[in-house]
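Lettered A, B and C in written order, each chain numbered from 1.
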Amino acid sequence: MALVNLQNVTYKYPLTKTPALQNINLQIKEGEFVAVVGANGAGKSTLCYTLAGFAPHFFKGEMSGSIEVAGKESSKSTLDEWVLNVGLAFQNPFNQISGAKYTVFEEIAFGLENIGVPRDEMKDRVNDALALTGITDLADRSPYSLSGGQQQRVALTSILVMQPKLLVLDEPTSQMDPIGTREVFSVIRKMAEGGMTVVMVEHKMEWIAQFADRVIALKDGSILLEGKPGEVLTSDVLAENGFGISRYTSTAREAKKQGLWKKEKLPVTLDEAVEGFKK
Amino acid sequence: MKIEINDLRFTYPTGLEALQGISLTIEAGEQVAIVGQNGAGKTTLVRHFNGLLQPSSGSVLIGEWDTKKHSVAKLASRVGYVFQNPDEQLFSKDVGTEIRFGPRNLGYSKEKIDELVTRALSLTELSDKTDTNPYDLSPTWRKMAALASVIAMDTPIVIFDEPTTGQDAVNVARIANVIAELRKEGKTVITITHDIDFCAENFDRVIALSNGKILLDGSARDVLGQEEILAQTYVDPPQLTRLGKRLGLKETVRNQDEFLKALK
Amino acid sequence: MHERLSFHIKRDSVLHRLNPLTKLTLVLALIMVAFTSPWYWTPHLLFLFVIIPLSFIGKVFREFFFAATRLILPAAGFLFLMQAFFQPIGEHVIFKFYFLDITQESLMFAFKNAMRVIVMVSSFTLFLLTTHPSELMSDLTRRGLPGQFAYVIISTLQILPQIQSKSQTIISAQRSRGLDTEGNFFKRAGSLVPLVGPLVFGSLVEVEERAIAIEARGFTSKSIKTSLYEIADTSFEKIIRWGLIIIIILSIVLNIWL
């Protein structure tokens, strides 16, 4: 059974004329890693807020259709119940620091304190989460003294430690260095393999192609394309609509015109590109 | 205008040694990208270029000016600096006024200011948004407004701190276009970036920093091919460079044209 | 780059290990006794024979001394002078300064009041030096202080350095655009606009995003909150607290009685 089930979801923020999401239908299986791509303003963040319950519970506005996560219906739940199943981390890491804690360790424990996890279990979970995202050495630092990329890892760890059924991430690696980004993608992949369902908004096509199970391309609040990364990310429709595409795809497309790419299907990952260009 | 940095060291009051002896020269009109892992000292380094930070030891020369002897406001006539977050910069009631702020501070004539503002607006494709309040712009356009407000100062050196962070493909292309225009005008462009493909496609010279030291400094082709050394500072070579390596191409390729040419 | 957001000095001492509420009661007792005790020399003796020794027991004498000489003594000295000069009591004039008489009585009065203030501020300083704010809040929350209330207090304690560093970044951004922040008053006042705008806008965004971030981490969850820190509290400490409360009451009663 699908963990996430959106039926005809349309949402309009207060004081706006056009809906930010229009007639979204989406089912996501448990343990699936779904990447969401699209231009700025396409509705990616709104989709995240909808899944995480903040639209409409926090932002108000007009929501229609049905939003179901882990068998619960959003309109029949309160936000504080909803967040027990769905975790959210977003782009600006500075504003995600609780402001009530003095060290990274305490910061990550914050959510567990709120939901009443016993102390011993709490410490174990925080230590495990720190090790998982590779920030054990930051445990005693003040969250405010960290660089943007490090703060993003703290924000991600703070939500991972809550062990949500559905993890929603809105550009969680935007300020990270390249290898750091790849590491985070592989951590998230591992979480998905362990059964956590992940929805992640990102611009970094190479890693989406390599790590995600499915890609959803949003345009003007609607789903334009949806499917396996290899299909969606190589689609001409994406290129024509100004989406970001990996260099492997764009270069192979050009090479195809010049007769240098012989295969029918365009590559999205390094391995596929190597395979196709090999003489 | 030449930038000369001599054995620059900088220690934060917390005791963190952010820069540990940096020496480099950037000639007028160079396009330089600075890459490196989080906390490598990239921002700390460029904040020395316009005097926002003062060396603990060593020196920074912008043209013949020592940054120790000139105020930031004065250095602003030579070095423009676009901060990472436009929200920390924009304050005016409309985009036009916002962009006039910098050139007005530099004391240019009204005619010159008008000309510079018009050019900056068209370069950043903001011409139809002159009367919009910057806070009503989408984050994408706020970023462009921040870019325009510094470009309009017409400084010989322009610094961008992470210009492409959180931007979609269309806007990244727009920013690349701005940099290309600045190059044509003979300006020095220095950009901090984690977007290594963007770096490969738009910059001639790449400096890789690691733990406050220069790890690599050279032409983009030389630097971006050094996979093992770059890994020390958490940087991967560009996608096409890695592809070229895997295919066993003799030379290091950086972009589509070079790749296709090498393949033939 | 501010690693330190509180006064707290991490050391291992008896004072550090005391329950925050015990320390808070001790501070209260010191202050109340200093202010209500009918005996003249009480605040002086409390400072010399209780507070200073406590700073040694708490292994924070150096930091305490630093705070005392830089902050507490100058403030108390100022108070002393004001009261010595302007308190129109007593007949034994020791010193005349234009129309102001300094009498033995006003001098004594000023000395006692200054000492009272020293006791108040220095005992509080000692408390802050040896108590981690998180521990204090966890302990008070455990005793029934609403979680939201504790959050407001503690995030307010942290807000100043944050605003400071944010202002610094904004000023840097505007100086990079040629804004001259040095020079005469009008120039400085003029440079406030480009600072305040982004600061206010940034704060509005921040408040909303932070609300989302803490809500996403179960901030308003109805379950009973737990705490990362185990805050020790012994029955011995409970007795100490009751003892201190009795002392406070005694001191007040004596004050009224005599």
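Throughout what follows, a residue touches a chain if its C-beta (ideal position, glycine included) is under 8 Å from a C-beta of that chain, and two chains touch if they have at least 3 such contacts.
As the structure is a computational prediction, the values presented were derived from the model and not from experiment.
A.B. asks: If you tally the C-beta contacts for A-B and for B-C, which one comes out higher?
C.D. replies: Comparing A-B with B-C, the pair joined by more C-beta contacts is A-B.
A.B. asks: State the chain with the largest centre-to-centre distance from subunit B, centres being mean CA positions.
C.D. replies: So the farthest one, by centre of C-alpha atoms, is C.
A.B. asks: Distance between subunit B and subunit C based on Cα centroids, please, to the nearest Å.
C.D. replies: Roughly 45 Å, centre to centre.
A.B. asks: Let me have the rounded angstrom distance from the C-alpha centre of subunit A over to the C-alpha centre of subunit B, please.
C.D. replies: Centre separation, subunit A to subunit B: 28 Å.
A.B. asks: Show the residues in subunit A shared as contacts by 2 or more other chains, in ascending order.
C.D. replies: 145
A.B. asks: Got the subunit C residues that touch at least 2 other chains?
C.D. replies: If we look for residues of subunit C contacting two or more partner chains, we find 1-3, 205.
A.B. asks: Hunt down the residues of subunit B that sit against at least two other chains at once, touch-wise.
C.D. replies: In subunit B, the residues touching two or more other chains are 14.
A.B. asks: Which of the residues in subunit C come into contact with subunit B in the complex?
C.D. replies: It comes out as residues 1-3, 166, 169-170, 172-182, 193-198, 201-202, 205.
A.B. asks: Which stretch or stretches of subunit B touch subunit A in the complex?
C.D. replies: 14, 36-39, 84, 138-140, 162, 165-172, 194, 196-197, 231, 233-236, 238-240, 242-243, 246-247, 256, 259-260, 263-264
A.B. asks: In the complex, go through subunit A and note every residue touching subunit B.
C.D. replies: On the subunit A side, the touching residues are 38-41, 91, 145, 147-150, 171, 174-182, 203, 206, 242-248, 250-251, 254-255, 258, 260, 270, 273-274, 277-278.
A.B. asks: Residue numbers of subunit C touching subunit A in their complex, please.
C.D. replies: Against subunit A, subunit C makes touches at 1-6, 132-134, 137, 147, 150-151, 154-155, 158-159, 161-162, 165, 205-206, 209-228, 230.
A.B. asks: So in the complex, the part of subunit A that touches subunit C is made up of which residues?
C.D. replies: Those residues of subunit A that touch subunit C are 49, 52, 54, 58, 79-80, 83-84, 87-90, 92, 94-102, 105-106, 109-119, 122-123, 126, 141-142, 144-145, 155, 158-159, 162.
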